[in-house]
Amino acid sequence: MDYFAGVDIGSTMTKVVIVGDRIEASLVGPTGPEHRKLANRVMEEALRQARLTFEDLTYIVATGYGRINVPFADRQITEITCHAKGLHSLLPSVKTVVDIGGQDSKGIKIQNGKVMNFVMNDKCAAGTGRFLEIIADSLGVPLEKIGELSLTAERIAAVSSTCTVFAEQEIISRLAGGEPIANLMAGIHDAVATRVYSLVKKLNVEPDIAVTGGGAKNIGLVRALESKFGQKLLVPPEPLITGALGAALMGKDIFERYTSEGQKPTRSGHKLEEATFFK
Amino acid sequence: MAYVLGIDVGSGYSKAVVLEGDEIRSFAVIPSGGDYREAGRAVAEAALEKAKLTLSDMVRTVAAGYGCNMVDIAGETSTDLSCHAIGVHHLFPSVRTVIDIGAQYSRAIRLHDEGRIANFIMNEKCAGGSGKFLQVAAHILRINVSDIGELSLKAQKPVEFTTGCAVFAESEAVSRISEGASPADILAGIHNAMASKIVTLAVRVGLVPDYAVTGGGAMDIGLVKAIAAELGTNVIVPEIPQITAALGAALLAKERV
Amino acid sequence: MTELRDGNGLAAAEKLYTQYGSRARELKASGKKVIGYLTALGPVEIMTAAGVVPIRLKGNVSEAISKGDAYMESIVCPFVRNVFDAAVKGKYDFLDGMVLPHQCDSIDRTNETWSYTLKLPYWHFLNVPHVTDDPSITFMKEILRIFITTLEKFTGTKITDEAIANAVKAHNENRRLMRELYDLRKSNPPLISGVEMMKVLVAAMSLPVDESSALIKAVTEEVKERKPAGDAKGKRIMIIGDQIDDIAVIDAIESTGACLVMDDLSLGAKMYWQDVDATADPVQGIAERYLRKLKIPTTFVGSADTYEGILEERFGHMKKYVNEFKVDGAILFIYKYCDPYGFEVPAIKSYIEAAGVPVLYLEDEYSTSSLARVKTRIEAFLEMIA
Amino acid sequence: MAEEKKGRAVATATAAKIPKFVRGNLSATLKAKEEGKKVAAAFIADGQDEIMRAMDIVPAWGESFSGVCAAKRDAEKYLQKAESDNFSRSLCTYATCNIGFDMIREEQGGAMPEGAPWGGMGRPDMILGNGQLLCDPRFKWPQATQHYQRDVPVFVTNMYYPPWDPNVNHHDQEAIYVKYATEELRATVKFCEKITGKKMDWDRLAATVELSDKTWDLFIDTYELRKHIPTPMDTGDAMNTMVPLTFNLGTQEAYDFYVDLKAELEDKIANGVGVADPEKYRVIWAAGLPSWFALGDFQYFNSKGVVFPVEVTYRGCEKVERLDLPKTNDPLEHIAWRWVRYWTHWYDAAKKRPGSTPKVERIIEYIEDYKCDGAVFHSAFSCRSWHAGIMQQAVTLKNVYKDMPILIMEGDIVDISSYNEADTHNRIDAFIETLAAYKKRQG
């Protein structure tokens, strides 16, 4: 049995997925300067889950923002390609993917698992998960709660500033002005959804549409996006791991393509170790 | 003896100063949190308690700062910009340019000889150069903002930051760290980036010595050193740099008695 | 400058690229007058004829704008701001003067910010029109004549039509040589990489025309010697934009195995594809080249009867490049706050896609601050068209 | 708060007629077809007003319509539509708002987008651009629009004036510029004749030009009444009362409007009625287009005793005699001279003050004539044309009036995402405190 691993190092989370003929293990760990070099730890944990050793792995693909920092990976592929791949394996009917990560929001058009077109947010944190994080943080509301909270709003309190930092201030003063926190939460979710929507609209959007990434775990954001797109959006069971899953499946494809040509794909030869340049 | 109270409700912290004549009888600094009205009350109470006084002992109260209109215990309000000017002038009459580094805004304030505000510039659409930058740095390095200054002084070769955006400085810092930059180098780099932005503001109001640095940012020794280096001259830092605006508000209250 | 020996053209270009302006600095020290200018609209023929050293100014994408922000708004084109910042920081302290051609609002509206801040002995704003009809050509000749007089006044020497005609010859030759070098990118893989080419283009615009020609010759001879290496799997990319004058983005493209084989940049093909016709009045030919031949978005073109015809007038040359250089994908790299290019994006994108070439549109500052993000987009684009 | 609509700051009764003008101009573009008139998408201050009026061409003012969308805080959906086809958010939002609107209308086969402010704007039969010094979008916007209305012919002319250079006598260059502008205007007429199939009635054009000259004079006479203390009219009003001059030049209605306005101001002065009571500080609106979604900020200033008796923005004319235009029987040449002399009007003054610039001289003239205590600039991020260079103007102004308070506000003309009311008011308050300190020192 051949096993393939995908490692997705995002700006806030590290994800690892191991596949054989099914998903053997999937794991999500935090990413931070001191964590991201420890992709190997997350990998070890995933191997333990799957009751496998590093040597059992046939091919490893790294993806995500920190993909270059995974010494033991055999190949680096961008998260855009991997998301498309992973999502297609989970929800084959999806033609448009909306991925809302910590630093980036993306729109991806896919056709049988291949990227047809894509867009990414520019260097503005508005419309990214980071926007929500910062706001949640400054209001002392747990990140996982803000979605729920926003759904209890009796009206959407529009937030005018797009800039994360100034929106934060605007919200604080609006709160002081007596605006209920739920309305403001609805406001920022609407703001993020609006930015993401006008970004993704650059693709000619076709259903089904799926939401992935940390943003997909935020029910308030998903609802806000649904009202923008005017249709129901699909959310995969574990929206965080589609990238890593896609990476693992890309590895599988690469391996099978080579073997069909009677060759072996070249491995990095690295052991399961920390990224050396951190030492 | 007449007591007056000055309150400065900033977007990050609220400060209060109780003045007895020209002397600071007591002061307090607390996080503003969401509710400015409450923050105004709380910080005033904290300061009054220290002074073993009550609101009724206050002949006059002036509130300043971002949330000053919310503060119901104050007789009148003023902007924190003028109050900074008055407060700093009271402490250091020789100062003509105040550089105030708050939670989200940094400002350069020019003073008239008699300590009134002559001109001011604040960072506009960009929070680069504001205290936010430091919060972001602390966030990614998982350290306390208060430890940043000392740590930054250990820098070997400060990182060159190319972005001015506080939020995206985060991703840039993260990738520099992944390239092996030490936390100290990152912080020193952030200090330099902030200093050049802040001094640019100061240039726009017209560089006139002496210079004072106030606000939360002034408690960061690394940042203060970077600013002094960028200005090419020494800068004055008040003993408690956060409360100059509250002090100014109190002085304003005294004036109006 | 370093003696050009056989086989060291690229090394010389590298040096001039990394120490930008070093040659102008030398020439200044030797008593020459150095005039800086912005954009492809700087009439180098006239500056050469005046006996001054023209150098096209660039900024530094890996340096954050700081001092310049005290004088120039952040809504100004990030390229212009960065160059201005460099000038304020003294990177161009060897300049005797500057010429700002009226290309766009970002230049026109900051003319006084530049001149009053830098206070150079010579300053000229060349009021190039935006349209190309006959009255505009006549007008262009008039303002070129005014430019000539101010230069004469500054240098104290007459600029004869003969001198201008000779300068025209020299610059046409310079452009011919550069096109010859471009030809070496047509093979698969190209004999010269996009990164190398960028260094040559940048080096070339920092030199007096004859030295520039000598450099290009040396590089061409050196590169000709190369044997087309290995099997070329890499996608062939064309980059479109204004003044991209740093290897950062090019490297981001080529480090993924693709190769940059052609450009439509204002310091590349836009500069080198059109010559000045030798006209009885040499200024006539110059006026026609800068106004009618240069394909830049700040010159309005729209004489064709149909919109499709107008698109051909505006972008037809890019379709030619695509075929001549066998381009697989195009990257449209536009600076934020650029109205002239920004308003063209949908038109260019759809035009090139209609030619069967996928286009990646990138909007960014003149800065490497978001290079990691740009790199991801480029890689994904290449994975997409793989 | 973002979702509340801001009322316009209108103090004069006459200014209240302005919405009628704006609606009138919009509905004219909708009625043109049945009236057998041609509609031209046009841009303000392009020197083509009289040509259009004399040929019964109905101008469709894109800037005006985007301003209306912004004032009604209704622009976002159009901005987003444009953005969806890769128009950068950093581009001129007058243009992107309009283009987004046009895109939707074209997708609907010409049907007006639902809920279009004031009934929307009609589809043009032609687009008249001008690659002049006023801004790049004036020739890029037409190109971009044509991408979605491919059958609509675009004509771009070019009118320049001598660039400012303290070491050059611009009068030596005037002839070149006037000749060029005249020929370009002639080309505009030819194009309009081709599209309308009508010949230009040159006598009518001459009469129209004469009428707009009279309107220029009357406009200045009216506005100069604002020198009175307390001032009877504020910039908040001027952002409305500029409409007839800017969008209806060469029409009798425009002239008559200023007759009424002048009468009203004279009446206010007679009765000592001012914008603010008491009038504490007089401030010049020194440069910049306003945030159309936040005109209420002028009322905020007024409520604190700050008035704007004068503004550079939209004062797009001068007393014609002050320009002392050479006599000519060619109305186009007259427009050209008026154009060149207007835009270079403050050059001679600037020459007399080393280190100064014409833009700053104009501000100085107004500060002196209108007795101003401070200056406010507004910098709109999406518009380089009017807002790049403001910092330089502020610096130069400071060299003349050492401690005079200067406030540079930052925002946008259309894009509300750049605006934070609480923050803006905070800056205004601080500015007023600097004014107080300044006046105190002045004694």
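Each chain gets a letter, A, B, C and D, in the order it is written, and its residues are counted from 1.
Simple rule for what comes next: a residue touches a chain if its C-beta (ideal position, glycine included) is under 8 Å from a C-beta of that chain, and two chains touch if they have at least 3 such contacts.
Note that the structure is predicted; figures quoted are calculated from it, not measured.
On a Cα centroid basis, the chain most remote from subunit C in this structure is B. Ranked by the number of C-beta pairs in contact, the top chain pair here is C-D. For the pair subunit A and subunit C, the distance between mean C-alpha positions equals 39 Å.
Averaging C-alpha coordinates per chain places the centre of subunit C 35 Å away from that of subunit D. Here the CA centre of subunit B is 45 Å from the CA centre of subunit C. Shown for subunit D are the residues in touch with two or more other chains, namely 85-86, 381, 391, 418, 422. The set of subunit A residues that touch two or more partner chains comprises 65, 123, 166, 169, 173. Multi-chain contact residues, meaning those touching two or more other chains, occur in subunit B at positions 66, 125-126, 163, 168, 171, 204.
A complete topology is adopted by the chain contact network, contact being made between every pair of chains. Put simply, subunit D touches subunit C in their complex at residues 85-88, 90-92, 95, 129, 131-133, 135-137, 139-141, 143-144, 146-147, 150-151, 154, 156-158, 160, 162-165, 167-168, 173, 176, 179-180, 183-184, 187, 355, 357, 359, 379-385, 387-392, 395-396.
Looking at the complex, you find that subunit C touches subunit D at residues 70-73, 75-77, 102, 104-106, 108-113, 116-117, 123-125, 127, 129-131, 133, 135-136, 138-139, 142-143, 146, 150, 297-298, 300, 302, 306-308, 310, 334, 336-340, 342-347, 349-350, 361, 363. Residue ranges on subunit B touching subunit D, taken from their complex, read 66, 78-79, 81-82, 112, 116-122, 124-125, 204, 206. Residues 11, 32-37, 66-67, 70, 104, 125-127, 130, 132, 140-142, 163, 165-168, 170-171, 174, 177-180 of subunit B touch subunit A in their complex. Chain contact summary for the complex, subunit C toward subunit A: residues 336, 363-365, 369-370, 372-373, 376-377, 379-380, 383-384.
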